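We call the chains A, B, C, D, E, F, G, H, I, J, K and L, going by the order they appear; numbering starts again at 1 in every chain.
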Amino acid sequence: MKRILIINGPNLNLLGKREPNIYGSTTLYDVETSVKKKFPNVQIEFYQSNVEGELINAIQQGMSGAFDGIVLNAGGYTHTSVAVRDAVAALKIPVIEVHISNVYAREEFRKQSLIAPVCQGSIVGLGAKGYELAVEALVENAS
Amino acid sequence: MKRILIINGPNLNLLGKREPNIYGSTTLYDVETSVKKKFPNVQIEFYQSNVEGELINAIQQGMSGAFDGIVLNAGGYTHTSVAVRDAVAALKIPVIEVHISNVYAREEFRKQSLIAPVCQGSIVGLGAKGYELAVEALVENAS
Amino acid sequence: MKRILIINGPNLNLLGKREPNIYGSTTLYDVETSVKKKFPNVQIEFYQSNVEGELINAIQQGMSGAFDGIVLNAGGYTHTSVAVRDAVAALKIPVIEVHISNVYAREEFRKQSLIAPVCQGSIVGLGAKGYELAVEALVENAS
Amino acid sequence: MKRILIINGPNLNLLGKREPNIYGSTTLYDVETSVKKKFPNVQIEFYQSNVEGELINAIQQGMSGAFDGIVLNAGGYTHTSVAVRDAVAALKIPVIEVHISNVYAREEFRKQSLIAPVCQGSIVGLGAKGYELAVEALVENAS
Amino acid sequence: MKRILIINGPNLNLLGKREPNIYGSTTLYDVETSVKKKFPNVQIEFYQSNVEGELINAIQQGMSGAFDGIVLNAGGYTHTSVAVRDAVAALKIPVIEVHISNVYAREEFRKQSLIAPVCQGSIVGLGAKGYELAVEALVENAS
Amino acid sequence: MKRILIINGPNLNLLGKREPNIYGSTTLYDVETSVKKKFPNVQIEFYQSNVEGELINAIQQGMSGAFDGIVLNAGGYTHTSVAVRDAVAALKIPVIEVHISNVYAREEFRKQSLIAPVCQGSIVGLGAKGYELAVEALVENAS
Amino acid sequence: MKRILIINGPNLNLLGKREPNIYGSTTLYDVETSVKKKFPNVQIEFYQSNVEGELINAIQQGMSGAFDGIVLNAGGYTHTSVAVRDAVAALKIPVIEVHISNVYAREEFRKQSLIAPVCQGSIVGLGAKGYELAVEALVENAS
Amino acid sequence: MKRILIINGPNLNLLGKREPNIYGSTTLYDVETSVKKKFPNVQIEFYQSNVEGELINAIQQGMSGAFDGIVLNAGGYTHTSVAVRDAVAALKIPVIEVHISNVYAREEFRKQSLIAPVCQGSIVGLGAKGYELAVEALVENAS
Amino acid sequence: MKRILIINGPNLNLLGKREPNIYGSTTLYDVETSVKKKFPNVQIEFYQSNVEGELINAIQQGMSGAFDGIVLNAGGYTHTSVAVRDAVAALKIPVIEVHISNVYAREEFRKQSLIAPVCQGSIVGLGAKGYELAVEALVENAS
Amino acid sequence: MKRILIINGPNLNLLGKREPNIYGSTTLYDVETSVKKKFPNVQIEFYQSNVEGELINAIQQGMSGAFDGIVLNAGGYTHTSVAVRDAVAALKIPVIEVHISNVYAREEFRKQSLIAPVCQGSIVGLGAKGYELAVEALVENAS
Amino acid sequence: MKRILIINGPNLNLLGKREPNIYGSTTLYDVETSVKKKFPNVQIEFYQSNVEGELINAIQQGMSGAFDGIVLNAGGYTHTSVAVRDAVAALKIPVIEVHISNVYAREEFRKQSLIAPVCQGSIVGLGAKGYELAVEALVENAS
Amino acid sequence: MKRILIINGPNLNLLGKREPNIYGSTTLYDVETSVKKKFPNVQIEFYQSNVEGELINAIQQGMSGAFDGIVLNAGGYTHTSVAVRDAVAALKIPVIEVHISNVYAREEFRKQSLIAPVCQGSIVGLGAKGYELAVEALVENAS
């Protein structure tokens, strides 16, 4: 049975309440529920924090052998955090970056991802659906 | 029955033969076969050209009502073609950008996509699998 | 009798159907008809292509002595094509650049024209009317 | 009867005397005479000043209802004046920017116009003829 | 017997007629004739097109085993085409870049070659003679 | 009765002790005391943390209906934190940015504020007095 | 009794009439009236001009001993005028910069203030209220 | 007898009173007196204004035949005024740029002179002495 | 007896396990042990955290008089954290920056250190040995 | 009989011993021997120095009439030396730039050549063979 | 017995006499004496030159087998010399870069070291003490 | 009696022979003769070298007390040499920079002088006359 860790960064706890024209009205809890329902045979763990260092702690769990892959939506830290990048680069399991909105169609500073180059790949702008697609890609890889 | 057009740009006809350490050994024909097999209930059309203007002609078919969505891998034109971008922007149906390799982990000039801001979203770095994920996202949208 | 060649680049075949809030609802055929009607004593030829190299072929006709001037709307190639620029620079007859929308009031990448420095002048943002003004300027020059 | 205000900025009072290889030998008075002669049914007012603030005062007349459009050649202030730009942006009537020489084929610092994005359009590099074309475009708009 | 393919890009069909102060009065046919005469024991094929995608098609012939090396003058595409670069990078046989004029002594945008980094080397500014030197280098390599 | 939350970021707990030539000798506690004294009819809450994520938690309290406005001095995170910016952008109540020193007269990297564009306004360089002026502006707005 | 000079630059004479969605409907006369009413014990002088040099003349009055401080809204000159900056730098009395709109949330070229580094501080985006807050800060300083 | 016009721009009327650590304690009147005394056989005229357009008017006097050369200290306009540059470029008599302080050793924005490229030469950082050296160079040229 | 605080930032808890080709196989505990052994007469305290704000808290201990110097390896925050920089700048005791790998020979974004300019000095690329050299320099300073 | 001077700059005395994966195992003496053997009817002189000024002295010999052309590999000075560039620009005989490795495929700072714009042309990345090709081009020119 | 070569570049012969507020009053001879005294069992050679090419000659001695490591303070050439960098890159023995002052806390152009990326590491800002620390690191490496 | 050292850098030995349209036909010897003739009561020493380090040696003579001032034309090193700059900065006697041509009206890379900020001032574009003016300024200073 595959084990996937899904990590969400700053302000994603507001999903569904914050700028719904950009992020939609689905909450993070809804996302968690529907992803788990879609993959009944995958063991999925959800984590969210606003604190950069706690996210690093979470990513470092990927070194323990407890997971087969990570889905990471680092929110605003995507564009500024060398420290989060370094944590990802330290892992041997695949990490897929997800963004709900199309960050490449927004402000200039959202167009650079420090994290993308050390991930296996990215899924951007496909809404909450992106989490499902990422899990699917990880499960298939891990088969 | 959904109808999806998958457009591939310059040098993708070499897939499987060209720089396999980056692009893998799957050919474009393999991709076409496996995508069609995976979605037996979707009508999928494949197109490839090395010529920028012919790709624009293909994208403009999206105005005819003949398709419900487009998957576009514009290859090297992704980073330089305002004309391809304008063709995409003219459409009312959704377009999803796909790249086989993780373009954000390669040369500097591959990090800017002129096309991403006018697409619905992007799937990057997940290999040939990215085409399947894109079709899945379009089908669901189009339901 | 003066002879003028009017060349239109990528996506201008969609004029009137594409993003009408930016480009208006006049079609390219309407433009052709009304320009010809306004200048009954000028021999005017219209050409459109989405393919960069075919536009270069068309511009190179300006070396044959068959035309007294060219009106060029290079569309999206305006901002990226050194090759189109070189074709214009090779001519001895005057070329006037036309853009329907005010490209200087849109995205950053539309603010640089590689073609403007080798033209006699530019007419920008005056809608389809710009074609008439360009022909008028060429005819007067050519008297 | 249409009323058009034509505003000329710094050093245009030297037209015909200054660098004739670039600007030609027509004087500003010649331009005024020939524009008025060409449009006998349009009420045309000419203004010139070397002082940035006086040009702003002139542009602000466009708020009074006394004019149907403005033709503006802001000379050297084109490239540096946010204040002139703001004055144009405050107007509700159309403003067309004119430059006698092809500013895009000259020094680097002449390639950026702060004023173009808030005008209806620009006519560049067509000599004194550009004033006539601009008036023609405004009159047609205003019909 | 060595086999060399010489590919010429946009506007090189005008060689000898276009801006002779920069490019000289030798035509492309003269170049072909004199290169073939100089290397009677090498099988040399000449190709020219203004269309970016057709040049890519020509470069892709280098994968077929039919040639031992390519001489490429990509003209204006040299500075803008990621797609041409990708086609070159896909080859296993050596490619040498040639420019007739000294592109480093001309406009700023001609100073960057996207193609040079994936070629074996470059010969620049030595006129039509550059084609001969490139063939000589390829033949020696291929011995 | 109006309720205002005043949030202070990293190193502001050192106020009065740290680089007094730049920041003065008033402590953060002094600021709190004097602001509360000046506005006896406003309910004011003070918060300080060095941790980026805890500041985001504090800003997110602005979604609860418990406050009518926020005064935010994000210290060093002002110039680097997309995550703090996103938290501010998620709010519907007004936020005013305050800086004690004139950040525009200091190092280059302090001249860009990622936070300013999503605030209602900024008060910069007026010392601890800036907090009082910000509260005054919020109270008046909120009336 | 404190004496404050409030200087307003180009286009601020249009306040209330110009782009009211950005600048509000209060006129400059309204601002003057309400600031004077709020500070009956301060001697306040208002000045406005569209001419850069006249604003410099006004700022130079700050050397005469006639004023205890200056409030300066330099409008469009804020971003381009080294000469206004030099005039401010020559003074020994404090100058506070005011902007009615949040210039940091608008066009790119409005984000740099040449004047801010030589002022005591800035108040930005708080509407006409910003003038009152600036006077309050100067009066307190001057006590 | 040679005739020289010496033009001084914004804030130079404050010379001797403004930032004496940078500009010294000599007043502009002292400069005028000592230059005239040093060159009793040269007819020297002094002019100062803070208004950009009035400086342009003064420079345009150089077209009248009334002067053999101009010494120009354009102050803060040196770095921002295309319009002053154009006025200088229109002249046929030599213009020498003078700056009292070493502008190249000060802020970044003072390091670019728009005016220097159209002058005969520049004298920078030699204090009020620079005016004398400039007159000497012009007189010698004019012999 | 000298007292030195050694602070380690994000991901340094993984030392020895993470990318050993870059960072070697020594663990942070090994470093601590060997530094303490080498300096038996210095009181050395080790601290590590992944959380930016907690590192700031640790650095602020340098204001308490409890330490004579700090050795700081801020990891990925080195390149992005103005807040950490401000904490260092607030101290009166010397801080020496240490990096285990040669950050100048790696990715572009690792070449800028925001922290270096406010430290006494830096030791880079000498492996775990760098910690010993830094302590030696601090002890000598403090003598 | 043609006379050619071949000048080699810093570190080229190490050729064959230094980084052979980049520069090959041929020594500079081997190059000299084989070039002279290939052109028995050309008088060829070799010079190498690590000192920038001595290279300038060598290049200045090109003014004496003793040589018909120069082949210059300026090594690391290629990218930084305005002084070497000026020496080349002073010559009337042709200079061809040679680089053994493909400098365009290496570090960013090797991509700009200050010398290329003042040479007749460049030959790059063709190994020691490049010297022969350069001599051949010079001899033919000089005929 | 280990053998270390210490190379000092331009102006370091002035150490102790030049700008003592930045560089201290220790002379280079003092440094040499104290380093040799501290490491009686290491054979240390000192070299200084102002000439770039002579420094390259000195560095090239590191290819002879005569030394186990080099300490290099390249002074002003650190920031500009590709040629010195290439000489270092050619060596197989370790090189450690030393700077007496904290170059990162000084002018902008001192912040980039071309040499650092090809050294084993750097020691910056620790005064003459830096030379001792570098020798210690080399000796340990070489053990 | 004043003693002045005049130092000339690379390629100035070619003065009069090199690019006379830019530098005139006066030789360096003519300059020396006429400067000495003009100032019979000043002891003037001339020095020229193409070698950067020898120029530094010459500048360092300014520390010996043997000279009252230096006139420095560093030629092409002006724009690239931090080492020459450091040598000038080490002096206590005044140094005046001279350039014969107007370097600010030439190529982009000649517009930055690393040396100007540490000199007392600069004289640019006044031909060989500039040396005389510089000596005059130094003599007057030194009185």
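Note that contacts are C-beta pairs under 8 Å (C-beta built on N, C-alpha and C of every residue); 3 or more make two chains touch, one makes a residue touch a chain.
Just so we're clear, the structure is a prediction, and the values are computed from it rather than from any experiment.
Colleague: Fewest touch steps from chain F to chain K?
Modeller: When the steps are counted carefully, the minimum from chain F to chain K is 2.
Colleague: Chains touching chain B and chain J alike, please list them.
Modeller: E
Colleague: Indicate whether more than half of the residue numbers at the chain A-chain I interface occur in both copies; give same if so and different if not.
Modeller: Mostly different residues: under half of the interface numbers shared.
Colleague: Check H-L, J-L or F-G against A-I and flag the pair whose interface repeats it, over half of the contact pairs matching by residue number.
Modeller: J-L
Colleague: Please compute the C-alpha centroid of chain A, do the same for chain G, then give the distance between them in whole Å.
Modeller: About 47 Å separates the centre of chain A from that of chain G.
Colleague: With chain centres taken as the means of their Cα atoms, state the distance from chain G to chain H in Å.
Modeller: Here chain G and chain H have centroids separated by 31 Å.
Colleague: Can you pull out the residues of chain F that are in contact with at least two other chains?
Modeller: In chain F, the residues touching two or more other chains are 51-54, 80.
Colleague: Go ahead and list every pair of chains that touch.
Modeller: After working through each pair, the chains in contact turn out to be A-B, A-F, A-I, B-C, B-E, C-D, C-E, D-G, D-H, E-J, F-G, F-I, G-H, H-L, I-K, J-K, J-L, K-L.
Colleague: If you look only at chain D, which of its residues touch chain H in the complex?
Modeller: It comes out as residues 9-11, 13-14, 17-19, 49-54, 75-80, 109-110.
Colleague: Which residues of chain G touch chain H in their complex?
Modeller: These residues of chain G touch chain H: 51-54, 56-57, 60, 63, 80-87, 89-90, 114.
Colleague: Taking the touch rule as given, give the residues of chain L at its contact with chain H in the complex, in rising order.
Modeller: The contact residues of chain L facing chain H are 96, 102, 104-105, 111-113, 116-126, 129-130, 133, 136-137, 140.
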